[in-house]
Amino acid sequence: MLKVAVLGAGRIGQIHAANVAASAQAELVVVADPVEATASSTAQKLNCEFSVDPYAVIGRSDVDAVVIGTPTDTHVPLTLVALKAGKAVLCEKPLDLDQDKANAAIVEIEKSGRPFMLAFNRRFDPSASEIKRAIEAGEIGDVRQVIITSRDPSPPPADYIRRSGGIFKDMLIHDFDMARWLLGEEPVEVFAMGNCLVDRDIAQLNDYDTTMVIMRTASGKQCHINTCRHASYGHDQRIEVFGSKGMLQNGHVRPHTVHRFNDSSTDAQAPLLNFFLERYKQAYELELDAFIEAVETGSKMPVGADDGRKALALAEAALKSLEKRAGVLVD
Amino acid sequence: MLKVAVLGAGRIGQIHAANVAASAQAELVVVADPVEATASSTAQKLNCEFSVDPYAVIGRSDVDAVVIGTPTDTHVPLTLVALKAGKAVLCEKPLDLDQDKANAAIVEIEKSGRPFMLAFNRRFDPSASEIKRAIEAGEIGDVRQVIITSRDPSPPPADYIRRSGGIFKDMLIHDFDMARWLLGEEPVEVFAMGNCLVDRDIAQLNDYDTTMVIMRTASGKQCHINTCRHASYGHDQRIEVFGSKGMLQNGHVRPHTVHRFNDSSTDAQAPLLNFFLERYKQAYELELDAFIEAVETGSKMPVGADDGRKALALAEAALKSLEKRAGVLVD
Amino acid sequence: MLKVAVLGAGRIGQIHAANVAASAQAELVVVADPVEATASSTAQKLNCEFSVDPYAVIGRSDVDAVVIGTPTDTHVPLTLVALKAGKAVLCEKPLDLDQDKANAAIVEIEKSGRPFMLAFNRRFDPSASEIKRAIEAGEIGDVRQVIITSRDPSPPPADYIRRSGGIFKDMLIHDFDMARWLLGEEPVEVFAMGNCLVDRDIAQLNDYDTTMVIMRTASGKQCHINTCRHASYGHDQRIEVFGSKGMLQNGHVRPHTVHRFNDSSTDAQAPLLNFFLERYKQAYELELDAFIEAVETGSKMPVGADDGRKALALAEAALKSLEKRAGVLVD
Amino acid sequence: MLKVAVLGAGRIGQIHAANVAASAQAELVVVADPVEATASSTAQKLNCEFSVDPYAVIGRSDVDAVVIGTPTDTHVPLTLVALKAGKAVLCEKPLDLDQDKANAAIVEIEKSGRPFMLAFNRRFDPSASEIKRAIEAGEIGDVRQVIITSRDPSPPPADYIRRSGGIFKDMLIHDFDMARWLLGEEPVEVFAMGNCLVDRDIAQLNDYDTTMVIMRTASGKQCHINTCRHASYGHDQRIEVFGSKGMLQNGHVRPHTVHRFNDSSTDAQAPLLNFFLERYKQAYELELDAFIEAVETGSKMPVGADDGRKALALAEAALKSLEKRAGVLVD
């Protein structure tokens, strides 16, 4: 029974805390959040202790592992302190918005030798992991093209955008990770386009709300990503992998499976699940299971700090490509 | 090149005439219809001769085969004369609404030794024939249940209903044939229910517009048929065959494949093709091909007169079941 | 916070106990099962007390409600004792296999005036409840036909069959409840067919493994149910409701949404979820929520004892129909 | 009744000739092909005259319109002679592989003032035209992204590749046209990637078999095209248009609609129709109808010479982008 502290009791912290509480392999010891009301109400609901000081919680001897769901700028310091204290760490992405700081942290993380996992939750979606499994089993032969569609139901507030690092680091970071994972090879060149078609305020912030990217690996595999901050029909999350022997695609996820037939349309289904908390509910649970299992068995973490670094490098390359209106080689 | 006369230039006769004209294996020699304007306009469009006398046409030496698409009560006399004249015959179903007359005709037809095919067109639908082929290839093991859904877009006029022989002989006759064909065994007992839920005028005519039937074969295979004279979303034609090793179903047929996503629904498709002329367009073409091929090669007709007799016997059993509110053994 | 005892810690009891433990509206106080090892291991896992005496548990003053998941023959006595003790009761179906005993119990239950809910879990499946909601909202106009397909992945052991009351009371009881609920009217006449196509041992026990039923209501609405104790492709649970203005159907539920394309097939998906515990996981959770809410608010229970009586009456009518090979009017 | 000559009796010429012959609005007068056997056998099958001299045929006074399905390098001379002779022309794409020659021809074509249509057949696919219609009706609001997937079942022989002008001018030319048409705005910048993943011989010919393109319009609309010369599961032809109010997609086209369920997969369908002649059968028919209607009514041709020029300009831009590994502005 792994004894776990959850740092951060915001939207994502609450997801992690509830999953730890419900897990048969873990015990939720304490939830920490500087906002006392948030920390205490979460603790009460989940029947655990609470604290307003994450660093104090990290120091507790009855805590084996910490799950970090705090604001991005605290990810690196909390991670490094926790690893130094001998705890296992599951940290929300990104490690840091700044590539240099992230890289420096990764060196420290790897030096620590302690179990560290970066929370690229989408890899644990049952359909994503089945696609990965099928590729590795050779079902579709050699991968030729990966196509990822990623559209949010509605744009975040301007304030979020301002602190987000921009659409490539905030939103496409997941898609870049998915691309690397499914291609099975590192992309070496990136072409990116970005436009503001949803919300002109986003342009004011020098950001984009609608993007298209193409990438290639050294052996010539290709990847396309398209994203938008708004889709009227829900959170659209599609993966397609095309190979020499076949193709794999995931399907949409909806609140129920009802099909409607009437005089204006047939087989109409419900709008897609609205956003990532609903869409990736099962992925968050399975991500936690995978983290716990890797800690308990001492096996390699399914997502490491280096995966964060490489996804961030693709985001940086995409930004440079936009500036130069040219293909950019990935560092 | 089979030289063909088409008798009847109404809705169904025109379909047959156009298919003969377009066939590379047949030549449309003449179209006959007692209504001269109908016969002549069809002939002009298809570039062939016309006649108002079907019997004269049957007698022509430059005619090898006749396709009979005239009113039901002329099917038997035209068929018998044509067979006696040595012609091959493709006759629209039913042979006759009266079971005794139909049976007597079948004896004559079989005595003639000439090629005769009854036009159960649905067997030639590409999905229906693929399902049959897959069953015979053993793909789903032993058939256990056949489920047929058959709904028309809107009820025919009262005048048609009056002459139709009733829903079981007019509409379910196709489903009874499909059931026999897919079960691969004769149904031996029939339970039927009929109600008027669409149009109260149909009840005045002692007919039904909404029915459910269950049947079993001697070995215990089961079949369900449900029908309705009205469906708001188009002509609903479904087949399901469930066996010990799997299940086969056909899908819907629509005018195009567009899927729509918006804030009220996703993956919405167009209403189904409206009625049998559109839905079974390809089936009518393939039916003619099968007839021509059987004539040319002298092989067994894919649908014989006896198939008409047996489908009619199921319709009669269903009617008796409704009267007696009990299972009725098929003669 | 409703304080709940779960009676029975077998397969279904464990589902209920886990759902109570995970509920934010309820507290799992104690689990009772005459097999001590079963009771204690469940209690340990879910962090609650245990007992080997369900009657003692019912008597506890710190228990507000009991969930009964014990063997069928104990449903009535446990229910009546619990209601007399002033507890709210959620009882697994069926109340009793014997119609007279069930009816006598229902009289007592209704006299008690205490909250009682029968666990027809399928009504709480998100797609089933959406279909019901859409019907009531008038989306498809007047209901004309309900078609229910219900196939299990594999037959239970002979020993289970022997104690089950037969396929109509054990398996179709759910479908009869679904039929009543979706028709919105009581079926008044039942035609049934039953055969043994899966397992000849089931025939030895005077039971069936493959059935078809048709029913009608007083106003002429029709319903078809088909079932089989075996389906190679998983637990097939389909509902179709056809009305004057449209049709509603649920879709299949699978472990993931991956679609596969290769040189032999396209859009192939995974086999269906294997059986009811997986298929109706969410339904069991929502059923408990509905029970708790009705207890807490004092509102009418969504499924009452009388619903059990009426579903059982349809099963009895189906059995009589099989014997008489005729339509049987429902008592 | 438009009197039509078809020039070229190869694969595509035969399609056009058969469609003219079957049309109720046109009469197939003559088929011309320098290979006499080809011309005569086609003529015999379709019951028309034949010639080995296309220029002689153009000169006939009983010919109103010519359909040009000859080798690419004859498209321009035949077109110009036919227009000068006062005939209406439907010409297979591309007008010419060389951008300068094509542009010079377009000037001549436009000067002629005669009806000229370029055969971008895919626009006439019922799903493509329904998507276009829905966009123009405002169903999905403002278009933001167009995504086109275009995969052939297998690569053409090296000899074809050599004369094809390369994958961008031969294969993507259709996708560039589709992109322009669906975006409703001209793409102004093109990024392209090309690799050889299917057949190394294609690399020897300085061509590619697998490509990805992204483009943007002046207002910021984006388009992605991905193509491959080989797909194991058939001819994959997908269109997606994503807008501010929704999304439109076409579905796959298969030889039948059968869905298979067994212990290894569910809802599996047949491989896609194998190649463009089958996949776009209906599009070729509707293309001819549209041409005839525009000639007869004197209305604007649905696809003009300028559409060919603009699609070719995108192909040229893509080739330059590959060379420069940068975005290329379209001339």
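Order of writing sets the chain letters: A, B, C and D. Residues in each chain are counted from 1.
The rule we apply is simple: contacts are C-beta pairs under 8 Å (C-beta built on N, C-alpha and C of every residue); 3 or more make two chains touch, one makes a residue touch a chain.
Since we're looking at a predicted model, the values are computed, not measured.
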item	value
Interface numbering overlap (same over half, different under half) for chain B and chain D	same
Chain whose average C-alpha position is farthest from chain B's own	A
Selected pair, greater C-beta contact count between A-B and B-C	B-C
Whole-Å separation of chain centres (CA-atom averages), chain B against chain C	41
Distance from the mean Cα position of chain B to that of chain A, given in whole angstrom	57
In chain A, residues with contacts to at least two other chains	232-233, 245-247, 252, 260-263, 269-270
Contact set on chain A toward chain C in their complex	22, 24, 45, 126-127, 130-131, 134, 139-140, 245-253, 255-263, 269-270
Touching residues on chain B, where the partner in the complex is chain A	232-234, 252, 254, 260-272
Interface residues, chain D side, partner chain A - complex	141-142, 144-145, 147, 149, 151, 189, 191, 193, 195-198, 210-214, 216, 220-224, 226, 228, 230-233, 236, 242, 244-247, 324-327
